[in-house]
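What follows is a group of structures, each given as C-alpha cells.
Two complexes follow with chain A in common, the first pairing it with chain B and the second with chain C.
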Partner chain A sequence: MGKAAFLCDAERCIECNACVTACKNEHEIPWGINRRRVVTINDGRPGEKSISVACMHCSDAPCMAVCPVDCFYKTADGIVLHSKDLCIGCGYCFYACPFGAPQYPQAGNFGSRGKMDKCTFCAGGPEENNSPAEFQKYGRNRIAEGKLPICAEMCSTKALLAGDADDVSSIFRERVVARGFGGDSWGWGTAYGNQNDS
Partner chain B sequence: MPRSSERARAAEPRPAARVPSPRFERRRKRRLRVAIGALSLSVLLLAVTLASFVTMADAQSVRPPANAVTNSTPDATGMESVPGKITQPPARADLWRFVGGDRGPDEEGFTTTVSIPNKLSATLVQPFGEEWRLLRRGPLPEYGLIIPAAMILALAAFYLIRGRIRIEAGPSRNRIRRFGGFERFGHWLLAVSFVALALTGLNLLYGREYILPLIGHEAYSLTAWWGKWVHNNIAWAFMLGLVLIFVMWVGRNIPHRRDLVWLMKGGGLFSKHSHPDAGKFNAGQKLIFWSVILLGASLSLSGIALLFPFQTGLMGKTFAFFNDIGLSLSFIGIDVSQPVTALQEMQYQTIWHAAVALVMIAIIIAHIYIGTLGMEGAFDAMGSGDVDLNWAREHHNLWVDEVSARTSRRTPAE
Partner chain C sequence: MSPRPRARAGSVARRRLAPCVVLLAGLLGGAAAAEPVLTGHGGPVKGLARAGEMILTASFDNSVGLWGPGGTHMRWLEGHAAAVNVVIDAGRGRLLSGGDDFEIIAWDADSGSALQHFSGHRGKVMGLALSPDGRHFASASWDGAVGLWDLDTGTRLALVQAGAGAVNAVAFAGPDRLYSASADGTLRRWELGESGLEPGRDVLTGGFGINVLVPGPGWLAYGTVDGRIGALALPSEEPLAEISLERTPVLALAANPAATLLAAGDGQGFITLIETADWSLGRALHAAERGPVWALAFLDDHRLVAAGLADHAAVWAVDGPAEPLFTMAAGQRFKVDPASVGNGERQFARKCSVCHSLTPGDARRAGPTLHHIFGREAGALPGYSYSEALAASGITWSPETLDRLFDLGPEHYTPGSKMPMQRIISAQDRADLIDYLRDATR
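Here is the complex of A and B:
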C-alpha cells in the first residue's frame, strides 16, 4: 500500500452510523470514546449532508509535531499511530488536530486526561501484531491480517472509502464523472496536502 | 499581634506590660482594615473565577443565530420551494468552504450536528489548530528562551560591573526582625511551588528537544508524566501562597511618591553611596510584588482553565470586552470581533499560560539574584527573618525609623 487514506463521499453518506458502530465493536472501544463520528450538516433541512470523520492519518501530521513526548510514529503505509505507554495525556494533539480525532478517557483528578485514543486505521500499535496487549490498548490489527479498516468495509452505501490514496481517489473520480456532480472530497486537502481537492 | 514581628531585637529587654499608644492603635486598626479589605477582594476574585466555570463558552453553540437562514430552497435536489418562505440557498461552494473550516456556522446559517453525546465533536475542521501548532513550535519556545536568557545576561553584566552589593557600613552586631514565621511560610510556599511549576512546565515545552534525546523516550515520558502530575497538584499550593502574600503585604505595597524618586535614582543599585528613602518595601520590591500578583493571578486563571478543559470562557470574555471598548488585537493576528470557540479557548489558554509563565520566570530570576548573590544581607530577611540593622538602615531607612519609633514608645526609658 502506498499512502493510507480515508475519503467520505458526502453525496452517499446517509448517517446510518454503521462505521461508528463497526469501529466500536471491532476494537471494543469504551464508553465515551469515539474514534469515528458522523457529522451532519444542516440536519433536517434541504441539502442536508453527512460526513463520517475519524483520524485522517495526515501526511504532515500536526499531532505528531506537537506531542511533547514524541509518542507518534508513522508506518510504512503512512498510518499515524502512537504509543499509549509514552502518552502522558496532555491533550496537545487534540489542540493541533484539524479533525478533532484524538479522544481521552477522563482519568485522574480535576479534568486531567488519560492516555490518548484515536483511530488506528485498524493497524494497532507498537506492540506485537495482534497480541493481547496490542488488542487491549489499540484494538484489532486488521492491516496485519491483510484487511482494510472495518468502518469502510461495513459502510452501507460505500460512502466511506479507505485504502491506498491513489485507489481511493480514482474510485471517487470515477463516481464523480459518472454522476456528474458532488466532486468535493471533504478533508482530503487538509489531511493530505493537495489544496486543489479540498 | 500583627506587627509584633517587627519588634527590634536590638532593643532593651522588654517591659512586663505593654500599653500601645493611641496612635499605634489607630495604625494597627488601619492595617487590619486593609488586610480585611484585601481578604474580601481575593475571596471575591475567587468567586468570580468559580462562577465563570458555570457559564460555558457561549461561542461553542452550533445552533444558528436567530437571524440565520433556516429555510432555503434546495439546489438540484428536486424539492419544491415554499412560496413566501423562499430565501437564497447557500451556494455549494460556500458550503464546502464552511465545512472545510474557513467560515463559522453563524456566518452562513450552516449547522453541524452529531448524534453522540459529545456535542463539541460536531466541528468538522478547526483551522486554528494549524496556527496553534506553528505558535507552539516556533515563536513560543523561541521567545521563551530569549526572554529569560536576556535577563540572565543582564544580571551577569550587572554582577561584573557592580559586583555584590555590600552593606556599606559593614555588618552590625544588631539584628532587626523583618518577616515573621507566617510571612516566610507564605513566601516559601509560593517560591517552592513556583520553582516546581516552572521546571515541570519548561520540561513540557523544551523537553522533547533538549531532554528526550539525552534520556530516551521511556525515561522522558515517565518524567513528563510525573511532571504533569506535580504541575496539576502543586498549582493549588501556588494559588494559596499567592493569596497569602497578597493579603499579608498588599497594605505595604501601595505605590507612594517616594517610589518615583527611588526609581529615578535606580534604587541606588548603580552607584555606591546612594541609598534613596524606602519604607518596608522599596519601589523595586513593590514592582516585584505587583508583577507576581498580576502574572501569578493570570497564570492561576489560565491554569484553572487548563485543569478543567472546556469549562471556562475567559478568553472569549476577554476578547468580547476588548471588542466592546474598541481595542483591536489585529496586530497579533487576533480578531476580537469573532466568537471564540470552546476549543480556541483552550488553545489560547495554553499559549497565554506559557507566555506569562516565561515572563514571570525571567522576573523571578532577577528576584532570586538580588535576594541571594546580588546583595549581602538580603537573604536573611526570608531566611531567619532577622536582618542586619545596618543593612536595614541602608535599604529600608524609613521602615527602621518606624520600627524603632514604635519600639521606643513601647519601651519606657530606664
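Here is the complex of A and C:
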C-alpha cells in the first residue's frame, strides 16, 4: 500500500451505522468508546448528508505534532498508530485532531486521564502482530492478515472506502464523473492535503 | 500537507533578517537585548495571560506561575489536582485558573492564596472569560457545558449543556452576550438574563471544531482545528474574513491591547500575525522547531509571550528577529537512545520521567520525586499535594508494592489517586524498572 487513506462518499452514506457496529465488534471496543461514528449534517432538512468519521491517518498528522510524550508513530503504509504504554491521556491530541478521533475511557483515576483509543486502520499497535497483547490494547490487526479495515469492508453502499490513497481517489473520481455531481470528499484535503503520499 | 507559502516566506525572511539585525546591533555597539524566557515549570505550558505587568502561565505540572515583566519568577499557585489548562486576569488583584481536575480556582495574586473553588463541571475546564463589568465569568468544559459564575459571591449562576461536543472556548461580547465554541464546530451565542444563560443562535454549525475565540472591538475572531481563522462582525454576526493558514490546527489566538494585531499559534509550531484593519496576513515565525504553539498572550502592542511543548515560555518582539523560540530538543527530556541505556532506565525515561524526577527536589513535575522512594510511605513526602486516597492507602513503597502498582495499574492498586492509568504488562520490564530505581533513587 502506498498511503493508507479513508474516503467517505456522502452521496452514498445512508447512515446505517454498520461501520460503527462492525468496528466495535471486530475490536471488542469497550462501552463508551466509538472509534468510528456517523455524523449527519442538516439532519431532517433539505441537503441532509451523512459522513462516517474516524481517524483519517493524516499525511501530516497534528496528533503526532502535539503529543507531549511522543507516543505516536507512522507505519510504512502511512497508518498513524500510538503506544498505549506511553500515552498519558492528556487530551492534547483530541484538541488537535480535525476529526475528533481520539477517545478516552472514563475508567481512570481521573475521568479524563484514561489511555487514548482511536481507529488503527485495523493495523493493531506496537505489540507483536496478532498477539493477545496487541488485540487487548489495540484490537485486531487485519492489515497484518492482508485484509483492509472492517468498516469499509462492511459498508453496504460502499460509501466508505479504505485502501491505497491513489486507488481510493481513483474510484471516487470515476463515480463523480459517472454521476455528474457530488465531487466533494469531506475531510480529504484536510487529512491528506493535495498529496497522495505521506 | 498542502503548500505553505506563508511558512516559506517566513523562513526566507528569517534568513535575510538575521544578519541585518546582527549588523545593526554591531553598528549600535551592542547586541540586541534578549527577550525574557520564563523557565521553571516542570511540564508543557498550556495557558498564558497578562495581568497588568505580570505574565501568567498555566502548566501540565498542575501549577500556575506568576512572572514579572522581565521574566523573573514571582510565585507558584498550587491547588489544582491535575494539569492547568487556562489562566486569566479576573481584575482587582484576582486571577482565575481552570484545569483537568474539572475545577476553577480564584486566586489572590498578591498572596498566592486560593480564594474560592468553583466546582460543578464534569470534564476538563478549557476556557475562561471575564465579563466586561468584571462581576461574572464564563467557563468552557469538555463535559459539553458552559458555566456562568458570580465572581464576588462565588455562586454558580448557570451550568448549561451546549450540545454533544466538548466546549473549548468562551468569549464575552458586551455585558449580556456570550459566545461558546465547541469541538463539533458550533459557535453559539448566549444571552445573559435573569435566569442565567439562554441559548441565542447557533452562528456556525457543522464545520470543523473551533478551538479558540478572541473578542475585539466590533468583531469576534475564532481559530479552527482545520487551520482557519475567521472573523465575524458584531453585533450583526456577518462574516468579516476567513483566512486559511494551511497549517493545522489553530491552537492559540491572541489580540494585542490595541486590537490591531492578532497572533495565531498552530500545530506546526508557527506564530502567524494578522492585521485586523484589513484582515491581511503579516509575518510568520517558526517558533517551535518541533511541536505546536499551545498558547499566546500579548504583553504590549509589540511583544507577545508564547508556549509550546517545552517547559518554558518565551517572549517574541513581533517586529524583531524571527529566531525560533523553542528548539528541536525542547520538551524532549524523556527521549533516550535505547542503545545507550539499559531497559530499566529506558522504561523510566519513557514511562515515568514526564511526571517524576529522581533528584531530591521535585523539579516541579506533575508527580512527586522518586528520590528515596523505597521504604517511603505512599503520600508522605512533605511539600507535595497528594490525593487523600493515596495518603490513606497504607502502602509503603517497596519492590513488591511497585511491582503490584504497575502490574494492576494505579486505577486498581491506588484508586482515587492522581496517577493516570499506567500498566507495565511485561514482568521483565517491571523488574528492570525496579532494579534501575533501586540505584537511581538512592
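Throughout what follows, the second predicted complex is superposed on the first by the 189 of 198 C-alpha atoms of A that agree within 3 Å, B and C clash if a C-alpha of one lies under 4 Å from a C-alpha of the other, contacts with A are read in each partner's own complex, and residues count from 1 in each chain.
In the analysis below, contacts are C-beta pairs under 8 Å (C-beta built on N, C-alpha and C of every residue); 3 or more make two chains touch, one makes a residue touch a chain.
Everything numeric here is computed off the predicted structure, so don't read it as measured data.
Novice: Looking at the combined model built on chain A, do chain B and chain C fit side by side or clash?
Specialist: Aligned on chain A, chain B and chain C clash with each other.
Novice: For A:193, decide between first (touching chain B), second (touching chain C), both and neither.
Specialist: The second partner, chain C, only.
Novice: Between chain B (first) and chain C (second), which does A:17 come into contact with in this model arrangement: first, second, both, or neither?
Specialist: Once the two structures are laid over each other on A, A:17 reaches chain B alone.
Novice: After the superposition on A, what does A:66 contact: first (chain B), second (chain C), both or neither?
Specialist: both
Novice: More residues of chain A are touched by which partner: chain B or chain C?
Specialist: Per-residue touch count on chain A favours B.
Novice: Thinking of the overlay built on chain A, is A:146 touched by chain B (first), by chain C (second), by both, or by neither?
Specialist: Neither chain B nor chain C is touched by A:146.
Novice: Identify the partner contact of A:114: answer first if only chain B is touched, second if only chain C is, both if each is, neither if none is.
Specialist: A:114 contacts chain C only, not chain B.
Novice: Who does A:133 touch here: chain B (first), chain C (second), both, or neither?
Specialist: So A:133 only meets chain C here.
Novice: Does chain B (first) or chain C (second) touch A:37, or do both, or does neither?
Specialist: first
Novice: I need the one stretch of chain B that runs into chain C once the two models are overlaid. Options are 277-285, 313-321, 385-393 or 403-411.
Specialist: It is 313-321.
Novice: Quick check on the output: what are the common chain A residues between the chain B footprint and the chain C footprint?
Specialist: Correct list for chain A: 41-42, 62, 65-66, 68-70, 85-86, 88-91, 95-98, 100, 108-113, 189-190.
Novice: Over in the complex, which chain B residues touch chain A? Could you list them?
Specialist: Contact set of chain B toward chain A: 70-77, 79, 89-90, 92, 95-96, 98-101, 110-118, 120-127, 129-130, 132-133, 136-137, 204-205, 207-208, 212, 217-218, 220-221, 224-225, 228-229, 232-233, 307-309, 311, 343, 346-347, 350.
Novice: Quick one: in the complex, what on chain A touches chain B?
Specialist: Per the touch definition, chain A meets chain B at residues 15, 17, 20, 32, 34, 37-43, 45-47, 49, 51, 53, 62, 65-71, 83, 85-92, 95-100, 108-113, 181, 184, 186-187, 189-190, 198.
Novice: What part of chain A is in contact with chain C in the complex they form?
Specialist: 41-42, 59-60, 62, 65-66, 68-70, 85-86, 88-91, 94-98, 100, 107-115, 133, 189-190, 193-195
Novice: Under the stated contact criterion, what part of chain C meets chain A in this complex?
Specialist: 1-3, 43-44, 60, 82-83, 100-102, 122-124, 126, 142, 165-166, 168, 183-184, 206, 208-209, 211, 225-227, 248-249, 251, 267-269, 291-292, 294, 309, 331-332, 334-335, 350-351, 354-355, 410-411, 414-422, 424-425
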